[in-house]
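Look at the two complexes coming up: chain A is in both, with chain B in one and chain C in the other.
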Partner chain A sequence: MFANYIKIAWKVLLRNPFYTFITLFGISLTLTVIMVLTSFIDHMIGSNYPEVNRSRSLYISFLARRDSVNTGMMRGPMTFQFLSDHVKTLKSAEKVSIFSFFSSSNAYAGSKKINLQIKYTDSEFWEIMKFDFLEGKPYSDAEIRGSQHVAVITHTLKQQYFQDKDEAAIGKTIEIEGIGYRVIGVVKGSPVTRIYTAADVYFPYTAPKSGYDQKGLNGRFVAVAMSADKQSLKAMNDEFQARISQIPPDVDGRKFTSLEVPSQTFTDIFLSTVSQMGPNGKTIFYAAVAFILLMILGLPAVNLVNVNVSRIFDRASEIAVRKAFGAPVNTLLWQFLVENIFITLIGSGIALLLTFGIISWVNASDWIAHLDLTVNLNVFLISMLVTLFFGLLSGVLPAYRMSRLKVTDALKA
Partner chain B sequence: MLRHFFKLIWNKKKANSLLMVEIWASFLVLFGVGSLIIYTIRNYIEPIGFEYENVWALTADQMNDTTEIVGKGQQAIARIRSYPEVLSVSNMSSNFPYSNSMMNNAYEYNKRKVQASTLITDENFGETLDIEMLEGKWFTAADSVGKYKPVVINHKMKEELFENESAVGKVISDKYKVTGVTGYFKEKGEFDKNKPILFEQVSGKFWNSVILMKVKPGTDAHFEAKLVKDVTSMLKDWTLEVDYLTDSRQNQHRITLVPVVIFLVVSLFLLVNVAFGLFGVLNLNIAKRKNEIGLRRALGATERNIALHFIAEMWVIATFSIVVGLLFAVQFPLLDVFGLPSGVYFLAILASIGIIYGIVTLCAWYPSAQASRINPATALHEE
Partner chain C sequence: MIRLQQVEKVYRTSTIETLALNNINIQIEKGEFVSVMGPSGCGKSTLLNLMGLLDEPSAGDITIDGTSVRNYSDKALARLRNQKLGFIFQSFHLINDLSVLDNVEIPLLYRSGSNAERRRLAKDALEKVGLSNRMNHFPTQLSGGQKQRVAIARAIVGRPEIILADEPTGNLDSVMGNEILDILQKLNQDGTTIVMVTHDESMAKRTHRLIRLFDGTQVL
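And then the complex of A and B:
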């Protein structure tokens, strides 16, 4: 019985290849766009390699001070000193890491120039950020205290810098700005879109030129505080903000009247960068996203409904003939149901293939280094159901109404 | 005649409403993407006003070093200037052309206020980047002794601050004296908008971290490695980084073009989808109206009349949708949400209207032509 439905559905699809093509094109295109987009969003704000603990971490990325008339403003990363006094000592945090934003430099391998991003970190950095070590291990507290010239590099840099690409890099020396560093670990790189972890070389914060012994408030470092679980984020935030409110804004003699150090989840940081675009930045952002989604989803949906509704007259005589030969309404309904599910499934299959194709192409292109987009199957299923809903609404409902007509009326149409 | 068409469509507004929604939405998508593309192209066709080939930017940051920063920096500059490979050297603030850093300040002349990008540069900047001067000349070391700080402004800033007057010798914000006006200068390159720029002379009090140098064509990383090594030995504990302006340029282009390309591709697919859909719907609609066509043909309507009739019907539907779409689109220049010049929006509206009529005509063409070939005898016989 069921096989029969599918057989009919298949024949119906082939009978009118052009309309089948329109429907399939609409379904697979919409699903592909939605999946590629969500894959990007997930890439930007999800808890992905190596920041797998994002959801239970607070990012403390800048200190902002304003004066009373709100004309002067100073905003930026902090000193190592400040962060180890106020963040490292948090009681509610399980682990705290202090590290610098990346800074740029160059290395030279023979006549080849390599552009580098450098990051200075403490040892906890490697415990919160779960990097894959392809070789060696991270630096320990002992190596940091001893101000040893050691470095962890990415696999990409290893391939660029050392002539023998297959030989282990551990123990070899890499020269950056006139100083030789011993390589003690090689990691799989983090994409540049994850600015808190992306770099090519990681140094202990005691390495030369890190600026960790700077005094005062404004420096080059930021911190990530990880709590035991998601629920204790709030407590950690409260404890930190209580501490920050104790610091006088003019502590270093500058004439500021307000001081804030936001401790935010990663999603909040992402959204606040957007809202900096202007006073209504957030509203504009949400409006734009809603509008784009509405268009991407709405246009093909309207299109699908339109084509389906127009086609129903095309099918009217078919329905009438079958009814005249004694097919019950239920059978007809089942046929249309199966037909719609069938075409939605084929469309989704094409979309899945397309998405995999696009994503692996984007990952392989050097557009963003170390990009690791993945397909989110939940989103895929949800959008498939939405498509099915529109298909049923526009295909089955009119068919049902048509099948309830008197045979003679339907036959005439 | 026209009224007749409108009446026909109006009477069938319920049947045509889905088509109208579809065209309305396509119009808005086209308008959005069109605005973005037109804005990008408008910026692109204005010249950047400087040469970026063979220019390197060396960023030298003093870090924790606090003694005689400016002196050490100047020594390094003198050393760089002495290499035969280097043609011209200029010291400037960190926001070099194509870089990601920016500095904005408000300037005032005669109660006219202008927000401008400030670049702190020395007197060799114009020469290093081959910037054209329209008026006056670049400031020199001798200018730094006066009461006012010497500045050079770009043409756009001159227009906004002085309009038709001559700018040379005028004092801005009671602090700066204009010594020259450059032609175009778009600091972030091709896709940057032509905005006001002010070049302020470097002062001897602070170190400005970027050393721009123009090198001989063909100079490679061998020389660069040697240069970095030499400068490192002079500036111990400083951090050094060399950027080629060509690389930074590529980076800036990527930042601008990637979103444009993504939007373009997505909306192209949407439009193709819509076009197919329209085509299909029209085909079916016309098939349903065979009797009507047969009757009209029998009463003497020509093939041309029939084809034109169906195309005209689509035009009327499109017009309804566009009018509604326009109500939405004009809000953008009126409310000025994204700060784009309103000319961009109007061009985008015109382009979208053109494309919508184009698509509609294209989709209606084949079904209409087919309809016009219907033989009145067969059509009426079926009835």
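And then the complex of A and C:
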């Protein structure tokens, strides 16, 4: 029976090429928008290169203190010392890395100025963040402790900085702000959209100007604590928050009455802007998202509904025959839904090809450095779910109208 | 087998009410070949639609094998049509997008059975109407007579007890029309009950019994 439905759906598509073009154009354009958007969202919050352990990591990115009347607030990254004392020592964490957010600097290749983003990290950074080393290796604890002037650079910087692009960069010196650093590793870069890993040069935290020996609470470092698995995240969070609750807000003599150091999953950080909006803000945000989705999905679906409904009479004879020979209303309803989903699936196939084309173009365009949009399993599954939803949304009403057609009227048509 | 008691059919619109059938009492016995005649618009097709459970009477009762279908659900009516009835239409109503074999298979899609079994039964039915060499053709590639033979194969593939034919020869020339009637007669001789609407007296003469309608009323 299923093959019969598909056969009919295929023939209906071939019957009127212009209608088919309009239908598939609408479906594939809509689904392309959804797929590219999904790919962007996955790029932003998924566990992607080099942050492949995001799903089992907690990000500790700021410390906030407030006074009793909420007029004074201090909020920002922390000192290396603070994170060493309170995060590095977590018993429930498998690994903890302390590193700085990226900061800007310059280097000169001959007379050409290169704008750089630099980052100071510990050695565990390279164990949690799975960079591809194209050359060499990361710096070790011994090199960090010895305050050696070593650096890991991205492949892009290597190409910009060194004359001979094909020759190995390992052992060569890169001069940044008047200090020479020996290149010990070359990695495939992380896109700037992944702010915890993006940089052009990575230095040991003991490198000059890192500020790792700063005292107090607020500094320039953040931490990522990785648990053994996703299930252990809560225990790790609880342990960390228990420790934080022990720290007096006025520990450094300043008149603060509350101290907060959130330990969040990456998705929580991504959504924290929303969570800070308050109940009304959240409602408005989710309503806006729902409205945009409805516009993207709903309008083409309504259009498809109209096209389908107006074509019911093309198929009146078929509906009448099927009913006369024993097809119950539900079976017909199902048939037309299957047909619509089949057409939508063809549209999604085209959309998939278009999406591959668009994201390849965006990735190659240098619009965002090291951008690596992909259609991975998550993106594919979400897109299929949306496709199915779209197929049902645009198919239910026409199918219902078709299945309700009176046989005697349909036979006269 | 089929019994209509005091059946009435009224078509209503917001401005007009048309009495299509009035006080119809008909009994069709098992194995009969009955023709229904009358001028255009006298209610022949309406009568056939009611017998085929494709429409509901405005009043009166229809029984199939002694059971009233008055309170049957859409699903139950569909099952009854699928099991007991076969239809042949004047304008064939074949699905042009499907091959001859796929068209013939349609009634079997709404029953249990394997794909292979459906194919076998459809081929058997096409063989009975002499079209086994055209099973992979499409309706648009066939002549009028061939199309009606496909329609007959579709009507008999599920081995229904009753065939309802609405002017099956109406769109065919006399030679083709006679061929179609030969096939129907053969089916009737094999035990199938047939009710046929026709305009053609010569065709009606070849049936067992004639029901004549005039202005929605049974006159014979």
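In this text, the second predicted complex is superposed on the first by the 316 of 413 C-alpha atoms of A that agree within 3 Å, B and C clash if a C-alpha of one lies under 4 Å from a C-alpha of the other, contacts with A are read in each partner's own complex, and residues count from 1 in each chain.
Basically, a residue touches a chain if its C-beta (ideal position, glycine included) is under 8 Å from a C-beta of that chain, and two chains touch if they have at least 3 such contacts.
This one's a predicted model, so the numbers in the text were calculated from it and none came from an experiment.
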item	value
Touched partner set for A:F18, first chain B, second chain C, both or neither	first
Which superposed partner A:S103 touches (first chain B, second chain C, both, neither)	first
Chain B versus chain C as contact partner of A:E318, first or second or both or neither	second
First, second, both or neither for A:V407, with chain B first and chain C second	second
Partner chain(s) touched by A:P328 [first = chain B, second = chain C, both, neither]	second
Residue contacts on chain A - larger count, chain B or chain C	B
Which of chain B and chain C A:S245 touches, first, second, both or neither	neither
Which superposed partner A:T267 touches (first chain B, second chain C, both, neither)	neither
Touch list for chain B against partner chain A, complex	18-19, 21-22, 25-26, 28-29, 32, 59, 63-64, 220-222, 224-225, 228-229, 232-233, 237-243, 247, 254, 258, 266, 269-270, 272-274, 276-277, 279-281, 284-285, 287-288, 337-338
Chain C partner contacts - residues on chain A that touch it in the complex	1, 3-4, 7-8, 11-12, 15, 317-318, 320-331, 406-408, 411
In the complex, chain C residues that touch chain A	49, 52, 54-55, 74-75, 78-79, 81-83, 86-87, 89, 93-95, 97-98, 102, 105-107, 109-111, 115, 154, 158
Partner chain B, residues of chain A touching it in the complex	18-19, 21-22, 25-26, 29, 33, 103-106, 108, 111-113, 115, 177-178, 208-209, 211, 213-214, 280, 284, 291, 295-296, 298-300, 302-307, 309-311, 313-314, 367
